[in-house]
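The structures considered in this document are given below.
Below, subunit A partners subunit B and then partners subunit C, in two separate complexes.
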Partner chain A sequence: MSTVSETNSRGHSARRLRIDGWRWGGRAFLVFMLLYTALPMIWMLLTSIKSGFAAMQFPPQWWPDQPTLDSYQKLLDPQNSVGQDFLRFFWNSLIVSTATTILSVIVAVPAAYAFSRFTFPGRNFLFFAVLLRNMFPAVIFLVPLFILMRAIGLVNTHGSLVLTYLTFGLPLAIWLLKGFYDNIPVQLEQAARIDGATRFQAFMLIVMPLSTPGIIATAIYSFIGAWNEYIYAYTFLSKNEQLTLPVGIQRFFSENTTDFPGLMAASFMMSVPVVVLFLLLQRYFVRALTEGAVKH
Partner chain B sequence: MTTVSGKAEARRTLQSARSDVLRKMWEHRADYAYVLPAIAVMLIVIAYPIYYTIELSFFNTPPGLQLRDKIFVGFNNYTAILTSGVFWQVTFNTLIWTVASTFFSFVLGFAAALALHRDFVGRGVLRAILIIPWVISAVAASYIWKWIYHSDFGIIGAILVELGWAERPPNFIDSVSTVLPSLIVVNIWREFPFAMIMMTAGLQTVPEQLLRAAKVDGANAWQRFWHVTFPHLRNVSTVTILLLAVANFNSFIIPWIMTGGGPSNASHIWITHIYELAFGRQRWGVASAYSVLLFIILMTLGYFYVRALSGNERKDDSA
Partner chain C sequence: MAHVVLKDLVKTYGSFKAVNDVSLTINDGEFVALVGPSGCGKTTTLNLVAGLISVTSGDIVIGDRVVNDLDPKDRDIAMVFQNYALYPQKSVYMNLAFPLQMRKLPKDEIDRKVREAARVLDMTQLLERKPRELSGGQQQRVALGRALVRDPAVFLMDEPLSNLDAKLRVQMRSEIKRFHQDLKATIIYVTHDQLEAVTMADRMAVMNGGYLQQYDSPAQVFAHPANMFVASFVGSPAMSLIPLEASTADGGGVLTSAEGWSLALSPRNAQKVARATTKKVVLGARHSTIKLHKSAVPGAIPAKAYTVEPTGDVTFVQAFLSGAIVNISVSPNVAVAPDEQIWLEFDQERMHLFDSETEMALEAS
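Now for the complex of A and B:
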């Protein structure tokens, strides 16, 4: 009798031990991932508050002896040439990304709605044609697009960037939004139509408010994509005053190869807007993926 | 007599079928207006470039893109590529880069999503921190890691020396044998959060009741994962892996900024190589031929991508 209960309890504790093993393994793994993710970013911040001399030491100063904000002041000072350039690049990036975001929402919303609601011939074909855009790397389109942009006079303008960025944000935007519209019952719109609303009114008053999270997710995605884009900006723009941040920083630091604190400060400031934007709105993004893409 | 009338009938149904499609298209003419802006932009920026790339791949072009002077060379560009040693080296690098990056990004991202699935204090903050590398610009990431790998003042080298594991800081990205793995580590750093987001979203669709029922029936943690959670995530996993594979295959920024493909081509992958051929050496014809080959590979991958997606759709219809 006692032996039976003993084996029972031992089996029980063994199982508990195994579950705990999983849990501890998971915790150890998360600590590892946290270090892998965060240490490079911490090192960027620590370097950015060192002087150029303090950064170039071996062994390194693990913690800066004399922390200084010189690099940030230099980049944000409109009086000197470095600050002027940096602020201009920042402004250019902001304009291009905002224009791209607004246009993608305007183009993607009706397209996604049509793909979700209407059954016109060629619907599936067009839908997958749009998705296939995801497959191709920017480089393939560079030469012909460069020639095309030159022909229509858009080289060295921000318009060339907005037009191209629009296309690579669109596929995922349309896909996400379509998933959203699929989940909104048609009956809601039909009820509105019966009450005398036009198709457009039903769309604006019923469907749009319900799909706001999807639209926000789409907007974040377009903005971040445009803000971080490098290869088209690198190829289409050659005038210094038009460069966007990624290319501007690269140009600048290929001339000042040893100013690592300045480079780290610039990298940090370039990351702040998108990181803040994403962290504020990330729950919409995960929700959009769950409802739009994954549940499908 | 009967066969003739049969043929005529067949022709008539064919005609009516055709006019049926046209009539349907006409009836739905307003619907196309919704899709038109998207399709128009896509046509300008995608269809035209594809056509143009294919055309250019059969020509020899002089430097400076004086395209009136291009010379037709048939398949010469293609044979030149396939017989060059660089092609095989770059293809080998691309394979290692794509497979290793995709595999580790997916495994780490999936594991992180699972570990973060159970609620605990600070979960939201931790998840947010893990996503940051995916959000920041690849250019910034490249510079951060270039500084970390720096051969004189890099922090990893310094740590290795402090621990006594190395005499002097190793040359991570200036040495042929270590450059590719070093860049892959950077790429995984940037890509695993995407897998984590996708799998987190996927995990939320696994029905709680099923897991609880399995637990009642005595399934342990591993069995619950393998028999309940994992089958539910098969579609998300397929889509995530394909998207990762395509993104990695198409990488450019990290190798371009960190090494420019060097030393001695050890970190050149397809895209950086094409870019250098076109914009560095102005060999547009060869670069276009490379692009066409790339197309063919990507279309094959794309076929599986569409099949995975439409597999989802079909299940949706039957449900």
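Now for the complex of A and C:
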């Protein structure tokens, strides 16, 4: 009896030790990844509050001697031309991204629900077709889409970008949301329909609130995709007053090669909406709403 | 409350027939159990009545309306699901209120009815909780409450007890039975557990392979199973079914086993066998109708005990006869050892005879 318990406890502690080794390795990896992703951002922030001269110094100033918000003031000042451009680019990006987000949620929600709940002829084929787009690199579609946009007269409009971003964002949005709907027990809708709801009411009152985390994840995904997209915006738009931020900043960069603080300040402000979105909505990602809905 | 009539109900999925010509009449205030093994079509039948799936052919009548083409919400039914299907984002109170809100009742009336239902089910203190904060039994009770708060014409229950642990299941079983007695509600109850059906239902509809096998009171189904499937499905342990060869000699009937022994039949049983279209008949006997002897008795058949299972108040002995397992129950003070030679005596009054080809019970006249 005692031998048995002895070997047991020894075997146990040996296993524990090994897990600890892995855990330390894991921590080291996480720290490395954190530095790898955070350091460029920190450097961006630090550079943005330096003066133009300090930013070019070598060896670099690790911490700015005279921190200044000049670059931010310049960018956000509607009186000077740089500020006017920046604010207009920002506004353009906001419009394109918001329109893309709203439209992709409006299309993806019913599409994903239909794929999840109904069987209809061609369902599997359609679902595969939806994913087909994602199997090719985006650049492949650049020329065909440009020709298409020219044919329907959308070149040099924000509509061309919204349409393009939708075709790229929707497949994954539908795929993502379908997963959410698959996990919501169909009995909940059935119960609602028996309790007096129409099919649409059951969807709106019961299923929609439960899929909020999925919808928000989808929305953020579409927004970020549209917000950061460069190559299509660069190709489809040529008028200065229509440019979105990524293209605008790139142009800004080539025109003011020496103004690194200004460039970094613009980059920083471009990342603000995305970060704010994440901070505001991240709790929805972790909320496990369906817990307790059914007995597993 | 209302009666429910299913008329020649058929549901097919492609070439697969899930429900085949099922006709049932459920009287006002009756508790009917649909029982059968999984895939027998009982849940499909229930979903057809609920309107969650559409009928292929046949009619469903609730009250005096044919409801085939009505939405679930317009059928005046309530349903309790196996997984309870409580709305996870709503509190218990809002779960109970939902069916009433959907019917646009005034707020104060909703409040009154919800509190009344909560009082009846003894969960007033749980009203503000979310479903995930409740135990399985409590969730079950909320599901029941959501069904009864609206006072529907028919209650549909889809295996409501199968997610509960054994002890709670027995308790909720009597609660649902009590609930039926108090409300005089029309209930259609789906279960795969024949014991639930036998203990709770006024009548039970035994289904298999999409077909209705027998529809009668549990006592009748137990005493007079219509065919071999019903015989082996209802009752625990299952009825023993022994394949034998029938012959008639001098007006009397005899069943002969390939093992060499034979069993003389009573005149009534001989009459049943004589009406069969085949010589191959199956003898069915429940464990309690077989007498076990430890020495040779006239009319008893020799066998060897295979396993012995004491359960406390009764001991089950299993033996092989003609290649079939035979269950016999004996008093726990009868000592039987495995491989011991025993003799089995069948009760002619309570034995069942089946046609081995049609599998139907043989009748005397």
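Simple rule for what comes next: the second predicted complex is superposed on the first by the 253 of 296 C-alpha atoms of A that agree within 3 Å, B and C clash if a C-alpha of one lies under 4 Å from a C-alpha of the other, contacts with A are read in each partner's own complex, and residues count from 1 in each chain.
Rule of thumb we're sticking to: a residue touches a chain if its C-beta (ideal position, glycine included) is under 8 Å from a C-beta of that chain, and two chains touch if they have at least 3 such contacts.
The model shown is predicted, which means the values in this text are computed figures rather than measured ones.
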item	value
First, second, both or neither for A:Phe278, with subunit B first and subunit C second	first
Contacts of A:Leu210 with subunit B and subunit C, given as first, second, both or neither	second
Touched subunit A residues, subunit B compared with subunit C	B
Subunit B versus subunit C as contact partner of A:Phe200, first or second or both or neither	neither
Contacts of A:Trp63 with subunit B and subunit C, given as first, second, both or neither	neither
First, second, both or neither for A:Ala192, with subunit B first and subunit C second	second
Contacts of A:Ile147 with subunit B and subunit C, given as first, second, both or neither	first
Residues on subunit A lying within both footprints (that of subunit B and that of subunit C)	289-290, 293-295
Of all residues in subunit A, those that touch subunit B in their complex	15, 18-19, 22-23, 26-27, 29-30, 33-34, 36-38, 40-41, 43-44, 47, 55-60, 106-108, 110-111, 113-115, 118-122, 126, 128-145, 147-148, 163-164, 166-167, 170, 174, 224, 227-228, 230-231, 235, 245-246, 249-250, 253, 260, 263-264, 267-268, 270-271, 274-275, 278-279, 282, 285-286, 289-290, 293-296
Interface residues, subunit B side, partner subunit A - complex	21, 24-25, 28, 31-35, 37-39, 41-42, 44-46, 48-50, 52-53, 56, 65, 67, 108, 111-112, 114-116, 118, 126, 128-133, 135-140, 143-145, 147-148, 150, 152-153, 155, 158, 161-162, 169, 189, 197-198, 200-202, 204-205, 220-222, 235-236, 239, 243, 246, 249-250, 252-253, 257, 271, 274-275, 278-279, 284, 287-288, 291, 294-295, 298-299, 301-302, 305-306, 309-310, 312-313, 316
Residue ranges of subunit C touching subunit A (in the complex, touch as defined)	50-52, 71-73, 75, 77-79, 81-89, 98-99, 102-103, 130-134, 136, 139, 146, 150, 156, 163
Subunit A residues within the subunit C interface of the complex	185, 187-188, 190-199, 201, 206, 209-210, 289-295
